[in-house]
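Dropping the structures in below, format is structure tokens.
Two complexes come next, and they have one chain in common, chain A, joined by chain B in the first and chain C in the second.
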Partner chain A sequence: MTATAYPTRWKRPPQIVKDRRWRIVLQIGIVVYLILAIGTVEVNWTRVYDGLERGQRFVMGFLQPDFTSRWTDIRQGLIESLTMTLTSTVVGVAISVPIGIGAARNLAPPWIYYICRSIIAVSRALQEVIIAIFLVAMFGFGPFAGFLTLSFATIGFIAKLLADDIEEINEGQAEAIRATGASWLQLVNYAVQPQVIPRLIGLSLYRLDINFRESAVIGIVGAGGIGATLNTAIDRYEYDSAGAVLLIVIGIVMVAEYGSSYLRKFLQ
Partner chain B sequence: MTEITHYSQVWAHRTPRARLFMWLGWVALVALFVFCWHLMTENTIWVFVLDAPRQAADIGGRTMPPEWGYLPELMKPLWDTINIATLGTIGGVIMAVPVAFIAARNTTPSATILRPIALFIIVASRSINSLIWALLLVAMIGPGLLAGIVAIALRSIGFVGKLLYEAIEETDARQIEAIEATGARGAQVLSYGIVPQIMPAFWGITVFRWDINIRESTILGLVGAGGIGLKLNASLNTLAWSQVTVILLLILGTVIVSEWVSARMRHALI
Partner chain C sequence: MLRLDGLSKTYTTGDAALSDVSLTVPKGQIMGLIGPSGAGKSTLIRCINRLVEPTAGKVLLGDVDLVTLGKGELRRQRRRVGMIFQEYALVERLTVMENVLSGRLGYVPFWRSFLRRYSGADIQRAYQLLDRVGLMDKADNRADALSGGQRQRVGIARALAQDPELLLVDEPTASLDPKTSRQIMRLLTEICSERNLPAIVNIHDVPLAQQFMQRIVGLRSGRVVFDGPPSELTETALTTIYGEEDWNAMRQGDEEQAEAEADAKTRLEALAR
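Moving on, here comes the complex of A and B:
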């Protein structure tokens, strides 16, 4: 019996990078990068230390939020944010539907396909905040610029997912409708629409949720909404009002998230 | 042959009742939309809106041609931006792992007290955008890279935590039972039963979040948290639109490269 050939200790096998040399190179590379990266971060520790006291005040503001003294501003911001969210989602989805159909390879001719896909790519590549900066410069301060920003961002999101969804429909049903001699519009209405509508509604609700969160951000660059209120509160160092705004945002996002997941379950 | 004549000759998709409810739903949505539109545009100055095409043409004219000589000056901020994203992701992941283990139903130490707290941390971090975190942190610890890194880290906790705890809940219970049957302690079960199962998901989530963080860290500078956004803000404030073009193209390039890298890495992992 030559059982001595077996190793006596079990060693966990490597999971991702199988080659030992590559592992060593990778580990050294990561360490070198981290040293270089941390080396370039200049931290003013005295400033950080001073800031800790402010941080404490912020945490206190978060625990004892002040809803009352800036209530008119918060209310105005909330109304702007909520209305902006709803209108931009509706308009964005309404525009996304034709673009999404155009960007589906099985429904549209190639030249329309490429035009629609490039619209989607542009809308997805640009950050909401950057679009908001440009639109605020063009349309002036206020929720109208925010509405346009969110509508534009919605197009990229909904149209892409809708197009991918249409490309993955059950071809058998489309074939059956086509065999009855249906026109293109009838094909879309009777073969494609019933298959994608439940998911489209789900995506729209999800986007509503995202748009509300984004509406809190684009206000920082002047596009109205609750973000503007928040920005003002932080600029005035009124952390208790800022805490109140943040708590309202978190609360609404939670309600929207649970509500939309419940609605989606109910619809499907 | 005569008994089917009472069927309707025209096929309709829905019953009249369902159609009525659908129309009511549409009417309600339109009414809500019109109401919200009125509230929103109450204070809109339409002169500025009508003026927009002229403004757009004006800005468009100024952005061209891009001032390419500005590019070398942007390399340091770009390096800073990548560092914010990477270090922020690492920090966020380190904080997210314990939160995820506490939030997962099968590994939580106490389902009544700690789990709701962990879930609240996840929701709170997810509902506040990194730009808002940066705004708060710049006010607290001063402008600079550190504020950006911490902002990205805090925002990443929710995302990584949520996806990771879902992965932990989906682990195969039989493998864990097998480890338990060998007489392993709690920590050993975690290390040999759960961790190997979630490793691919963990790396996938981390790389995915890194990609998103690159995107988000490009704009953190707008509120003073360092990186290329700082340059963007400076150029915007001085109305140097030709520099803005260069910065935006550079951001676009960085985002595309990071997306490609992340897609390749995730493809290799999963």
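Moving on, here comes the complex of A and C:
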């Protein structure tokens, strides 16, 4: 066959819907649905206009943040939040490690595996705000409820990622340790731990800054910390103080973000 | 002495990896296990220390049948069997010394291994072994900082730290270059004869097996089809083990490789001049 007999044009064949007619019908259907759906959203334009003014005041508050007049409240909120963040991360990680090991299929017998996986599932299914509302009702307003909420949420996060990481370890290394006659604990200590520790530290640092951000959110439902301060400021229409709080939160999250990514790089 | 008696393994998928393998390995003998991939070489050596559970048969090490042991007793018996792996299987993030000391895990209580507080005798022995394999100065390096050949030496030291009565060696040279392969094989055979230690070596490189093994067992689809000294490993025997086409292809490949190596060598020599 000569070179000229080969086609000169090639088009990528459709991968999902093979039939051309179906493709057209689907595309038109999606557009129609989108138009109808947008049509059902009710917009009260006068309310939006009013809101714009409030929004403007909010933005102005940001531009002229007032750190001084509510400083004692802000400071106390911050200290509460930071305490809550650190303690809940430490406690949460400490509880997560055994649960994470139990939730790894290659280390735990099936019944332990299922128990630990369900603990993780429960913790992950419930959003922080919902747990916070529940715990505030149980233990009253204040940072204790916040501490418990964040610890609980940390368990779901760390234990799941740790368990997945343990399931992906290099089995060869575990096999070699098992072949020496090592016990289960020695296997975990010598073959598993060295493989997952850097990632566990990275995850814990990551969770630390998630917990700080979350502490600002759950404060709004009464779990203390900087969120409570923020909520009070907004309730009093003190947008300049609220702006100050938000700026501080953003600042701390950024510091935590850069700090933890630097540390993680250092650990690898 | 190791005696396998009617050892069989059928995986849950229904693949019969081993059927009715009976072998005796006397003290001090280095036995090479050859065969095409999928013949059950890996399964065979893993059935001996029960990293893979055999479905039938006996594994007699001395007069203990390893197959019937419960968990705790199996752990104690595993100390008697050292294992060396294809991809070294060192714990990469631990130091060389920790890797060698991990050979003692079956002997020490958890708290000692956890705190890395091994007895003076254990540490002395570990240094002695590191010296024997020529890595005395690497004790504090992390295992992942070593080259392939060095890693395999650490693997050997780890297996010897167990004070084993038998070595199981799974493709020790598969990830190494030809020259390092020979060095590692030489080290292994020297160590075995020093200690009068029997070894079963899985090896896919037939010339290497012929050069270093005292006895060769050929495995094909889970059955022993050859058992004898390397000198008896004739073309016919190899054809039985590997099947006609595969063996011819392999031999050709080996010849090509040998030619290429010889060619590279002459070129290098020419360059050196």
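In the analysis below, the second predicted complex is superposed on the first by the 245 of 268 C-alpha atoms of A that agree within 3 Å, B and C clash if a C-alpha of one lies under 4 Å from a C-alpha of the other, contacts with A are read in each partner's own complex, and residues count from 1 in each chain.
As a working rule, contacts are C-beta pairs under 8 Å (C-beta built on N, C-alpha and C of every residue); 3 or more make two chains touch, one makes a residue touch a chain.
What you see is a predicted model; the values in this text were computed from it and never measured.
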item	value
Contacts of A:Gln186 with chain B and chain C, given as first, second, both or neither	second
Touched chain A residues, chain B compared with chain C	B
Which superposed partner A:Ile234 touches (first chain B, second chain C, both, neither)	first
Touched partner set for A:Glu42, first chain B, second chain C, both or neither	first
Which superposed partner A:Ile201 touches (first chain B, second chain C, both, neither)	neither
Which superposed partner A:Ile112 touches (first chain B, second chain C, both, neither)	neither
Which superposed partner A:Leu82 touches (first chain B, second chain C, both, neither)	first
Partner chain(s) touched by A:Ile177 [first = chain B, second = chain C, both, neither]	second
Common interface positions of chain A, toward chain B and toward chain C	190
Partner chain C, residues of chain A touching it in the complex	170, 172-173, 175-183, 185-186, 189-191, 194-195, 197-198
Complex interface listing, chain C residues touching chain A	49, 51, 75-79, 81-83, 85, 87, 89-94, 98, 102-107, 110, 113-114, 155, 158, 162, 168
Complex contacts: residues of chain A adjacent to chain B	12, 15-16, 33, 37-38, 40-44, 47-48, 50-52, 54-55, 58, 79-80, 82-84, 86-87, 90, 125-127, 129-130, 133-134, 137-140, 142-144, 147, 190, 213-214, 216-217, 220-221, 227, 230-231, 234, 237, 242, 246, 249-250, 253-254, 257
Touching residues on chain B, where the partner in the complex is chain A	13, 29, 32-33, 36-37, 39-41, 43-45, 48-49, 52, 55-56, 59, 79-80, 83, 86-87, 123-124, 126-129, 131-132, 135-136, 139-142, 144-146, 149, 192, 196, 199-200, 203, 215-216, 218-219, 222-223, 236, 248, 251-252, 255-256, 269
